[in-house]
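Here come two complexes built around subunit A, the first alongside subunit B, the second alongside subunit C.
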Partner chain A sequence: MPSPDLLALAVTLKMAALTTVILLLIGTPLAWFLAKMTSRFKVIIEAIVALPLVLPPTVLGFYLLIAFSPQHLPGQIWQQATGQQLAFSFSAIVIGSVLYSLPFVVQPLQKAFEQLGDSVLEAGAMLGAGPIDRFFTIVLPLTKASFITAASLGFAHTVGEFGVILMIGGNIPGETRVLSIALFDHVEAFDYAKAHVLAISLLIGSMILLAGVYLLNLPHRKTRK
Partner chain B sequence: MTILSLDFSLSYQAFNFKINQTLNLTGITGVFGHSGSGKSTLLRAIAGLEKNITGAIIFNDKTLTDTTKNLCQKPEQRNISLVFQDSRLFTHLTVRDNLKYAAKRCTNSQLNIADILKLTELEALADANVVELSSGQKQRVALARALLTEPKLLLLDEPLSALDQASKTKLLSLIVKVQQQLSLPILYVSHSLDELQQVCDNLLILSQGKAINYGNIHYTIHQLNFMSAHLPSERLIHQQTSLSLPIASTDNGQGLMVLTLAEQKILLPSLPGTFIKNQHLRCFILASDISICLSEPQNSTIVNHLSGNINAIESSTTDKATHSVLITVICSGQEFFVHISTFSQQKLALCINQQVYLQFKAGAVRTYLY
Partner chain C sequence: MLLSTLYPLILISSLLCMSLSVASNHNIEQPLRIAVAANFTPVLKKLLIEFHQQTNINTQIISGATGALFLQIKHGAPFDIYIAADSIRPQRLEQQNLILTDSRKTYAIGQLALLSMNKKSRLSDLARPPKYFAIANPDIAPYGKAAKQTLQYLGLWQQYQHSLITGININQTFAQVRSQAVSSGLVANSQLVLNKLDGVVIPSSYHHPIQQQLVIIKNRDNIAQAKRLSQFLLSPKIQQTIVSFGYANNALLLQEKAPHKKVQQEKSNAKP
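After this line comes the complex of A and B, so read on.
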């Protein structure tokens, strides 16, 4: 049986990795849609996407807790489909993380798509490339750095979340007990030595990840052979 | 014969474009107009990049767009390629990979990359990064890339506008060479009449979102002379005589090239290109560079003097204060346009059918390509 903290690390990484994958799958078309949208409803969708940036995590967690409960429709549908309760499950914290980290993925991608503009896409169409072809052969390679930034920020922000998980996940070891919650437990139990280990690990890990992102986004210097 | 039938309209907030014109696309067809005349809009509509058009575009019996039938073929399916003013190369790919991108998506595959690299003189740059190229090199890559899609129609949107003079003449010669070798119909948009005069067989003139003239290049330019004479405020072009004449001699021993105009000769400074005898040379003479004499000039440094008869005298119908007239003189069957002051016209008492001599310097006979 691994130590409880290692188990929490495993849950955290699994949650963050799964969340990042889902965010890229949902966030890419959403960011594309927002970048190309000209309707005035664009600002409303943008505001909704940006909401988790300013909202206290407990507010989001509170509403999700209610929605996920078996008394309410989303929770009922989930329970009928899977036979499991949604609240206080691993699935619940992944759904919560996706909503909570959405702006960190959508915003850099939207900005990259807006900057890329239509001109290279028109050039692609003139060479016989259809929309899906253009996305994978022109958009993706030219906005690669933004995709890496978006994925890294989404991942790092998910690792660092606390409030939403506390509200909807509880504290079940191996299921919903992530590092930030384990740290909170150690502090509550006055086990400062263990708390220090977790705190410094999260600090250094996040620092390295963010430094990597900023390094990637440095203005390009010309590299010559 | 390639036929492009255009009958559509398009509106933005402050701009309305409307055209109903059938073009016979032989060789290079020029599209001329000032900024905001709708030249780029026309090309984009043909390419399928303008979404909001109303009407129909038919290319060789193939309907590209017909809004009455709710039909609009996607740009990538039209088999028409467009070379943009700003190249729009893919910066994440090398020159060769940019060309491969086009070749890979071409269903016909008659041309290969090596041949096109050779034709566009890009062999030495094949593995270069596109961001390191000069504007002229970028446009050659863009042209090569467009050719590799093996289009049925090639659209060029101001391809020379970002280039310096040396690169302009080089690319323009290349466009002529490509057109001849691949016998590909080309629609060439430019705001520079000098460029178009050199390479186009036919010319379409756009002004304020409408087609105002279409036909043989020389004929259309001469029509524009009259329009500019009647409406000096719009000043579409510098009034000029557009010529295509056979070369009698590339150098008469004194650095002058000799062109034949029936029994008369026109001299101009020898050009650096290689020419064969009797090859036609495109050139133009500005109406302000020609003067009129009543008797044949004998003691003048001006080398060209042609005998002819006055055919028309046009003055502005709207603006009487311009104090100038456009005189058409027929010399050996060829129209020449002369722009002189009303003062000079009255001093010499010039009138229709009068025999006169035109004189102009060798240097006034201009070409753009050489």
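After this line comes the complex of A and C, so read on.
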């Protein structure tokens, strides 16, 4: 049996990795759609995407808790489809994280897609590349740095998430107890020694991840200027 | 590049998925899940060692704020037994028909204490409001409510209005005083005992009794085990241990055997 904190680390990494994958899969088309959108409804969708940046996490968590509970429709639909309760499950904290970290993935991608000129895509089309081909051979290589930024920010932000998971997770070891909650538990129990260990490892881990992102982006930024 | 970024992530996540699902398949029997108020968690952890020796029942502690745990149970959290820091939330769960009939029991009576880190505290210190004074939020925390009642009983509530620093729960209040961020405050006596600190216990006649109650959640698989834990916590021997951790003598427990008298007792306790 691994130590409780290692178990929390495993749950955290698993949650953040899954969240990042899902966010890239839905964030990329959404960012592309927003970048190319000209309708005046664009600002409304942009505002909704940015909402988790300003909304207190406990507020988002509270409403997700209500939505996910077996008494309400979204929770009931999930239960019928999967046979399992949504609230207080690992799936619940992944869905919560996807919503909560959405702007961190969509915004850098949208910026990158907006800066991408139409001319390169038109050139590609003239050479006979289909839309999917153009995305993988033109868009992706040109916006590589933004994808790395988006994925890393989404991942790092999910690792640091607290309020939403506290509400919808239920702090269940091996299932929904993540590092930030384990850290909070140690502080609440006045077990400051364990809390310090977790805090310092979270700090160092995040530092390395972010420094890595900026390092990867460095040559790219230089060539642009 | 997208794919090369994704592959390690997919690999890691699938490996973790596998390792975790293997781990969870091993223990087929679900441990008894205990949702416990944060301020009782350290005491419970100590008591559970003996409980496991006696019964061989495996337990899992989910520690949190009484209010947050209440909200989660209301929305279907998979907890077997709820050990709250007050009696209001257990009562509400009972009204909402979410608990096993007659499972609501008072397992401990909280005591309030005056704590000051930089000088020896005396009860008479309360007469002069310091610049800052820490109590838990009277509207949401049971120890905060008792602190407000104490200050009201002493006729000092108005004078303290500008010095009060209110924590979201008694643990935050304790952390504020212990770290000397606030010079003094009213905390739980159990916190002083656990941390070997000196303070003054507030006479229990100054406020309504801080009844900490537990309930067994309905429609769960571990009801028999939850009952064992409830009986264990209410047994005379363990009650004595709980008192030694800084709680008051649980006189209410004796009255629970005669439920009709209990109502009267609660009423007579209502006026300190």
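Note that in this section the second predicted complex is superposed on the first by the 218 of 225 C-alpha atoms of A that agree within 3 Å, B and C clash if a C-alpha of one lies under 4 Å from a C-alpha of the other, contacts with A are read in each partner's own complex, and residues count from 1 in each chain.
Criterion: a contact is a pair of C-beta atoms (placed from the backbone, for glycine too) under 8 Å apart; a residue touches a chain by one contact, two chains touch by 3 or more.
Since the structure is predicted, the reported quantities are computational estimates derived from the model, not experimental observations.
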item	value
Overlay on subunit A: subunit C relative to subunit B, clash or fit	fit
Subunit B versus subunit C as contact partner of A:A189, first or second or both or neither	second
Touching partner for A:L166 - first (subunit B), second (subunit C), both, neither	second
Most subunit A residues touched (candidates subunit B, subunit C)	C
First (subunit B), second (subunit C), both or neither touched by A:F88	second
Partner chain(s) touched by A:K36 [first = subunit B, second = subunit C, both, neither]	neither
Partner chain(s) touched by A:V120 [first = subunit B, second = subunit C, both, neither]	first
Contacts of A:A129 with subunit B and subunit C, given as first, second, both or neither	first
Partner chain in contact with A:P141 - subunit B first, subunit C second, else both or neither	both
Overlay on shared chain A, then closest C-alpha pair between subunit B and subunit C (Å)	12
Intersection of the subunit A residues that touch subunit B with those that touch subunit C	141
Subunit C contact footprint on subunit A (complex, rising order)	10-11, 13-14, 17-18, 20-21, 24, 62, 65-66, 68-71, 75, 85, 87-88, 140-141, 144, 147-148, 151, 155, 166-167, 170-174, 185, 187-190
Of all residues in subunit B, those that touch subunit A in their complex	47-49, 74-76, 80-82, 84, 86, 88-92, 101-102, 105-107, 145-146, 149
Residues of subunit C that touch subunit A when the two form their complex	1-2, 5-6, 9-10, 12-13, 16-17, 19-20, 23-24, 33, 38, 41-42, 60, 62-64, 68, 71-72, 74-79, 171, 174-175, 194-195
Residue numbers on subunit A that touch subunit B, as the complex places them	119-120, 122-130, 133, 137-138, 141-142
